[in-house]
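Sharing a structure below in structure tokens format, with a few things to ask.
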Amino acid sequence: MVELTSKKISTDAVLEQVEAHSTGGVVLFLGRVRDHAEGRPVNKMAYEAYAEMAKVKLAELEAETCQKWPVKKIYIVHRTGLLELGEVSVAIAVACAHRKDAFAACRYAIDRLKETVPVWKKEYFSDGEAWVKGVVPEVKKATPSSQ
Amino acid sequence: MVELTSKKISTDAVLEQVEAHSTGGVVLFLGRVRDHAEGRPVNKMAYEAYAEMAKVKLAELEAETCQKWPVKKIYIVHRTGLLELGEVSVAIAVACAHRKDAFAACRYAIDRLKETVPVWKKEYFSDGEAWVKGVVPEVKKATPSSQ
Amino acid sequence: MKIKLRFFGQLKELTGTEEAEIQIKENTRVEDLIWLLGERYPNIREFLNHVSFSIDNEYASKDTVLADNNEVGLLPPISGG
Amino acid sequence: MKIKLRFFGQLKELTGTEEAEIQIKENTRVEDLIWLLGERYPNIREFLNHVSFSIDNEYASKDTVLADNNEVGLLPPISGG
């Protein structure tokens, strides 16, 4: 399951989503608001999403991850809105029969999320604010009607 | 920090141990009791530890992991006693500034734990019980006084 | 023909706009749209080179031809996670 | 000289013992101890080949010489996690 939420992310709730008695290994990744960025102290962080598209991309990400690894359960949630220091901005939980797969799948999911899901973050400093330098998502060429 | 406990492991408490405003990425590994082992249904699982030595080995594991990766916070806890299906037998939480390190360090820690920490588990089936086939820990040769 | 525009991040701030409608001619490609946008929103001109475009929730290349009622997103480099 | 033995897992079950003391001669190595153990605990003989030994909380090789009051663990292959 995937979700985009403006509410505080509870890690307990995240882990409940991947409860399954048939899984041995669970890997959870949490992204949290850091108190510094390139040496500058950060006070808080705002996350903005293109909600409709982000949900589509999160669902694609889920499907892609499950295609590449034998995932039993996966839950991906991204937060939006204004976050305080230490709050969770993104959580990805993956349950697999074998821990090797759970690590690889979770790692893939967070790496890929950062390349594909339309979300933007802004850092608030004591003396101003700045959008975080992002990455340009890859775009498949429009298939020309060339056959 | 490392711990050996006969009490139920709370993932919230585990994650609290690696709270730090200076860390961006947290990776948590959870081992849970599975409902099957090599095709046979499992009802519960008993974990026995050589407590004094396990604590020494867990502390070594922590030190080793922190030496290999830039770990900001790490918490390793292993459960002992009789566990029901789905209960957490081991939890390893690692917080690093960069997620790549957190994944690598957490992966290393659980792999190494299984090779070095003296813990034994027994599976209970509906019609019997069996000690799980384990691994023989590596032993450094006693340094002979050969100089 | 008309399309709906959606602005995000810095582009939303610079245009002061979340959504807008714009009339386009038939066979307008994303690349052509960029010029229309530069004309209509002068203060985002310098950013348009780094903007990605989406059409109906899918990233679109610059040679994609727009259709009536498409929803087109103007997406600065993404920084989620 | 005497040492303290600790039994774990299957070995604890088979010997019905958690701890025991055993007298050893000076210069007894872990390898020599294995023969003493086989003599004293016949029903773990077939397992002694796969047992690891610890001395005072550290894995010990078979050529390690035991010292008075060492705590020696008889450790079946480990299966934590």
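When the chains are written out, they are named A, B, C and D in that same order, and each has its own residue count from 1.
Convention: a residue touches a chain if its C-beta (ideal position, glycine included) is under 8 Å from a C-beta of that chain, and two chains touch if they have at least 3 such contacts.
Source: prediction; values computed, not measured.
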Chain A to chain C, fewest steps along touching chains = 1
Remark   = At the largest C-alpha centroid distance from chain A we find chain D
Ask   = Measuring from the mean C-alpha position of chain B to the mean C-alpha position of chain D, what distance in angstrom results?
value = 25
Inquiry  = Counting only Cα atoms for the centres, state how far chain A is from chain D in Å.
reply    = 50
Inquiry  = Which positions in chain B are in touch with at least two other chains?
reply    = 31, 110
Query = Linking chains that touch, what shape results: line, ring, star, complete or other?
reply = line
Key: Chain-chain contacts as defined at top   = A-B, A-C, B-D
Key: Complex contacts: residues of chain C adjacent to chain A   = 6, 8-10, 12, 50, 52, 54, 57-61, 63-64, 73, 75-81
Inquiry  = Can you tell me which positions in chain A touch chain C when the two form their complex?
reply    = 31, 47-50, 52-54, 56-57, 78, 89-90, 110, 113-122, 131-142, 144
Key: Residues of chain B defined as touching chain A within the complex   = 11-12, 15, 19-36, 85-86, 97, 99, 102-103, 106-107, 110
